[in-house]
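Labels run A, B, C and D following the written order; every chain starts at residue 1.
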Amino acid sequence: MVAGGLALAFIVFWLAGHPGFREERIVMFLAITIMASTLIYFIRLANRGEKFHLRSIPGLKAVEEAVGRSTEMGKPVLYVPGIMDMDQVETVAGVIILGHVAKMTARYETSLNVPVSRSIVMKAGREIARESYTMEGRPDLFQDDMVHYLTDDQFAYAAGVNGIMVREKPAACLYMGKFYAESLILAETGNSIGAIQIAGTASQAQIPFFVTACDYTLIGEEFFAASAYLSQKPELLGGLKGQDMLKAFVTAAILLSLFLRVFSDLGWIGWNVIDFLTVQ
Amino acid sequence: MVIGAWISVFLTLAILSYLYKDNPFYKVAEHVFVGISTGYWTSMFFWTQIQPNLFGRLWPATEYDASSLWYKFYNLFGVFSSVFPEGGIAKGHDMHLIYLVPFALGIMMLLSVSSKLSWMARWGIAYTVGMAAGLRAYGFLNSNVLGQIKGSAFQIFNSDLPYFALVGESITNNFVILIGTITGLMYFYFSREHTGNFGRLTKVGIYFLMISFGASFGFAVMGRISLLIGRFVDLMHYSSSAYNNATLWILLIMVLLLGYSAFMDKGRPVESPVNDRTD
Amino acid sequence: MMKYIIELILSIGKVDRRWIFLVIGLAVLLPLFFPLGLPIRATTATQRVYDAVEELEPNSKVLVSFEYGPSTKPEIHPMAIAILRHLFTNSQKVYVTCLWPDGQFMAEDALTEIAEEEYGLTYGEDYVLLGFRPGNEAVVKGLVSNIRKLYTTDARGTLVDQIPMMANVNKVKDFDFIFSASAGYPGTIEWVQYAADPTGVPMSTGTTSIQVNDVMPYVQSGQVKGILAGMPGAAEYEALIGSPGIGTSGMDAQSIAHLVIVLFIVFGNITYFIETRRAKKY
Amino acid sequence: MLWKRQIPILIATVVGLLTLFGWFIDNPGIESFVNDDATQWFDILASFAIFLGALNLMKLQGRKVLKQHSGWQYSLFAIGGFIFAIVAGFIYKGNDAVAWGVHVTSKGTLFKWMFDFIFTPLSATMFALLAFFVASASYRAFRVRNLEATLLLVSGMIIMVGRVPLGSSISSWFIMYLLVLVGSVAANIKFQDKIITFGVLLGGVVIVTIWGSLAGWPVDQPSIFYLPMLQDWIYNNPNVAGARAIMIGIGLGIFATSIRYILGVEKSYIGE
């Protein structure tokens, strides 16, 4: 209903000469509105009780096992929320996953160590971890310095985390966030101390290193789906279903633009899809 | 200059000694690095962000007039003349009073150090997350999604492309990329179990992903080796007599000390970090 | 005899990682003392960068941007040197910007070594160092809209209006070519997204090997004209412009180190084979 | 409650919508906000926040020294390093010709000395550690466990050897002999029959030798087995396909996650 109203309003606005609107970005505007409304549709659907079946992601099941294992061995869980700041979406996702992991460590009474590389991530991480411990009814277990700042520099942070790993020998190492070249330094050190390693990132260049050096890796989109899987909240699961629909749209768009390109090459239609897709 | 060479060689060898095992040299280098880098970035951020971009926009030199209340207030800070030089800050910005907003968020962030006011940091966090969501959503949708759709819409009936070519574009190569992209995308489907025919497609997808990971891993090996070459070239440069052969002396001392401590450890059971996982 | 060989392979197959570190260290160190001089063959991506730069007519305006720091200097610096040599031999006008704070130090070293000492060019007429401006992609967007708003002064403090070669250069569209020597974020991808794509100015780039994979789809779809990939890319470019430098000398060490890694992988697999076969027997 | 939860969520939503749809509004104020000011404000915010981080680091290291935890001597180095950097950054310039503020990025200052002789060697050496770790990781991970790991291994090795000058001197005939050997080993495992294995091995060798002698053993023919060519094909085709699939996946993932944050569907980062 709301979507219908908005679409109508936009058409009227468009016909009225669309003052102050940058026409050359109309493609992006359409893409954003269509995709956003698909997501909203499925989130609303899920809120109304629609159930969605989700395939299992091995990496996410292993998170609970890893925390359990550290409890048995009486060793801490090391959580690295990436080296970038909250201005990257992956870091925000990493901090949210920290919230879920903090719930597990509260339940299992495992010690949690979260060295961070940016101060805003430290503040956000503390807020979310304290919240999780309180919701699990164990505010006494939480100390502020579980989430502690090391340094802003990429390699100094890697050196510091190496030191923590080799000296405290955590049983489980979780790397969730945006990483650059230091990913392999952390993963190899984690492997040398025999810890279970689960990595999740959307930093494309680092996924191969995590795949080779860690036990489980959440690749790109799987990392973004983690918070939905761990929380099982209906609206987040709905969002995932929406994301699958977007993938179907993109696949269709690729095939469609392929045929359109063929038609325009053969001269059947004068309008070339390529410049339609180039956004200035 | 020579002291600098000795320090840089010591730090380089101390970090490399970590490969042998976690030892006091590495601990020293690690802690020095953490301390220095925090101080480095604190100063760098202040002198390249806060002073020029924030204060430079609140009290620019271009609109300096001593009579206005705003600049009188500025002159009160005159005591820190290095940060607030006479006649306003000349960093090429004109006055934007809207920059009081990030100034306020910054102050709230600092105040949040006290546990009672800790909630104040949430405003700054909320702004950052909002900004990140908006900018990245647009940027990634544009270049990652639209850009790649455009990239995969290749020309099938293009006469000058050979049917198959090992190097350079060709029809079959384009088809290989198309199939790989679509099946790879299907691997990321969440709402359907990867079984039956759909499972076979995603299997092909994961094969493409694995080839892509192997390729970028192979590519990375080269890059990393060249970095090590860079370090060895530096070490050799500092071993010359101009720096009274810093590298040789420090290397000798380190090897002796590590050897001695390893010899002493023979007695006690050494907890060697060999990969001895229990599962 | 056969038994002994299998035992040897097995012992290599399960060796402690520190032996690998030692062998790799030697494999890189020794060729630096005794160079082998193996042949260097240019790949298509490097060739495309060379052609893109060669096509520029003399005195065209080229924007070279330095986005790397000390830790990635061994890979990217040889490229920057080679590109500057190529540009100055074709007497192009070079404008240098930096998106990384450390990039300015790198740019100063490169320019003093090539522009001043080797080619004896005059600052302000043949080349200018605009220097570092914070803000990551905001700097690229600022350059696209209006350079003078972002760079009121160059790195040496002189006002931009007083620099002769800055006359009628107001935004990225006024440049004929962009080259980004980049090692991460902000870097090539921001130049493609916010400068090359919107303005259509042709662009090439040189990156660390690991970042090549991120940029490859842009090269493949033509948004970036070729790419210099890591140290091999630098060595190939040095071979193309006929002035071997640091890149070339590093290549021998690369080859040997790679061979050693491949051998370790092969032995690791043979041991894996023998062990799984043995496990099946028991 | 209003100040702690409602307003932050409101800020996130308003700023998110503004930066998302600001790209389409043709008004200079919003356009400059989206292009420059949004990230500029964040940089200023982050520059304030770093003081918090430095404070936290010094508190932890300081407590370690005061309480004489194990390894407290090293914390002295961390505190000393920090103080040295702060002195170089704010108190002692070492070269008065340079104005404050510019001294952070110009020659001759104590800050530049610290950058050249302490900061650079440390970060370059940490980065160079990767050369060792890349070797030990590939040694451990490139094992023929299943088809996927084998693809990882094969494409990694082809790229590694193909891109290095040594690779271009390995002739494609050598590779073909190698394939024949691998084929016979595989046949041996599959059929467990000596005759078949020997048959495959002999037949393969004969075919390759005849073909080679007819073609005059050129180093880079047939090009499908010539490593540099093969590596170029692998790098420009299946690799790009895989990279593109992941890129689109990441693009959609970031878009969907950002929409969830803007619409407030996911607000746990503010605390329930």
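We take it that contacts are C-beta pairs under 8 Å (C-beta built on N, C-alpha and C of every residue); 3 or more make two chains touch, one makes a residue touch a chain.
From a predicted model like this one, the values you see are computed outputs, not experimental measurements.
Trainee: Would you mind checking which pair of chains has the most C-beta pairs in contact?
Mentor: Answer by contact count: the chains B-D.
Trainee: Would you mind pulling out the distance in Å between where the CA atoms of chain A average out and where those of chain C do?
Mentor: 30
Trainee: How far is the middle of chain C from the middle of chain D, if each middle is the mean of its Cα atoms, in Å?
Mentor: 15
Trainee: Among the residues of chain B, which ones contact at least 2 other chains?
Mentor: Counting only residues that touch two or more other chains, chain B contributes 15, 18-19, 27, 29-31, 33-34, 36-38, 40-41, 44, 48-49, 53, 109, 112, 122, 124-125, 128-129, 131-133, 136-138, 141-143, 145, 148-152, 167, 178, 181-182, 185, 188, 209, 212-217, 219-222, 224-225, 227-228, 230-231, 275.
Trainee: Please list all residues of chain A that touch 2 or more other chains.
Mentor: Those would be 28, 32, 35, 85, 87, 89, 92, 119-120, 123-124, 127, 150-153, 155-156, 159, 167, 181, 191-192, 204-205, 207, 209, 211-212, 219-221, 225, 243, 247, 250, 278-279.
Trainee: Send over the residues of chain D in touch with two or more other chains.
Mentor: 20, 23, 39-40, 42-43, 45-46, 49-54, 57, 71, 104-105, 115, 119-120, 122-124, 126-127, 129-136, 138, 140, 142, 152-153, 157, 160, 163-164, 232, 235-236, 239-240, 243-244, 246-250, 252, 254-255, 257-259, 261, 269-271 - these are the residues of chain D that touch more than one other chain.
Trainee: For this assembly, give the contact graph shape among line, ring, star, complete and other.
Mentor: If you draw each chain as a dot and join those that touch, every dot ends up joined to every other.
Trainee: Over in the complex, which chain B residues touch chain A? Could you list them?
Mentor: Going by the criterion above, the answer is residues 15, 18, 22, 26-27, 29-31, 33-34, 36-38, 40-41, 109, 112, 115, 118, 121-122, 124-125, 128-129, 131-133, 136-138, 141-142, 145-146, 149-150, 152-158, 178, 181-182, 185-186, 188-194, 209, 212-214, 216-217, 220, 273, 275-278.
Trainee: Give the list of chain A residues in touch with chain B in this complex.
Mentor: Touch list, chain A to chain B: 27-28, 31-32, 35, 52-55, 85-89, 92, 119-120, 123-124, 126-127, 144, 150-153, 155-156, 159-160, 162-163, 166-167, 191-194, 205, 207-209, 211-212, 219-222, 225, 240-241, 243-244, 247, 250-251, 253-254, 257-258, 260-262, 265-266, 273-274, 277-279.
Trainee: What residues on chain D touch chain A, complex-wise?
Mentor: For chain D paired with chain A, touching residues are 20-21, 23-27, 39, 42, 45-46, 49-54, 56-57, 60, 71, 122-123, 126-127, 129-130, 133-134, 136-138, 140-142, 152, 243, 246-250, 252-261, 263, 265-266, 268-272.
Trainee: Provide the residue numbers of chain A that touch chain D in the complex, in ascending order.
Mentor: 20-22, 25, 28-29, 32, 35-36, 39-40, 43, 85, 87, 89-90, 92-93, 95-96, 99, 118-120, 122-124, 127-128, 130-131, 135, 145, 148-156, 158-159, 167, 181-182, 184-185, 187-188, 191, 202, 204, 207, 209, 211-213, 219-221, 223-225, 227, 231, 235-236, 239, 242-243, 246-247, 250
Trainee: Contact residues on chain C for chain D in the complex?
Mentor: Per the touch definition, chain C meets chain D at residues 17, 20-21, 24-25, 28, 38-41, 43-44, 69-74, 101-102, 104-105, 108, 131-132, 134-138, 141-142, 145, 157, 213-214, 216-217, 220, 229, 232, 251-252, 254-262, 264-265, 268-269, 272-273.
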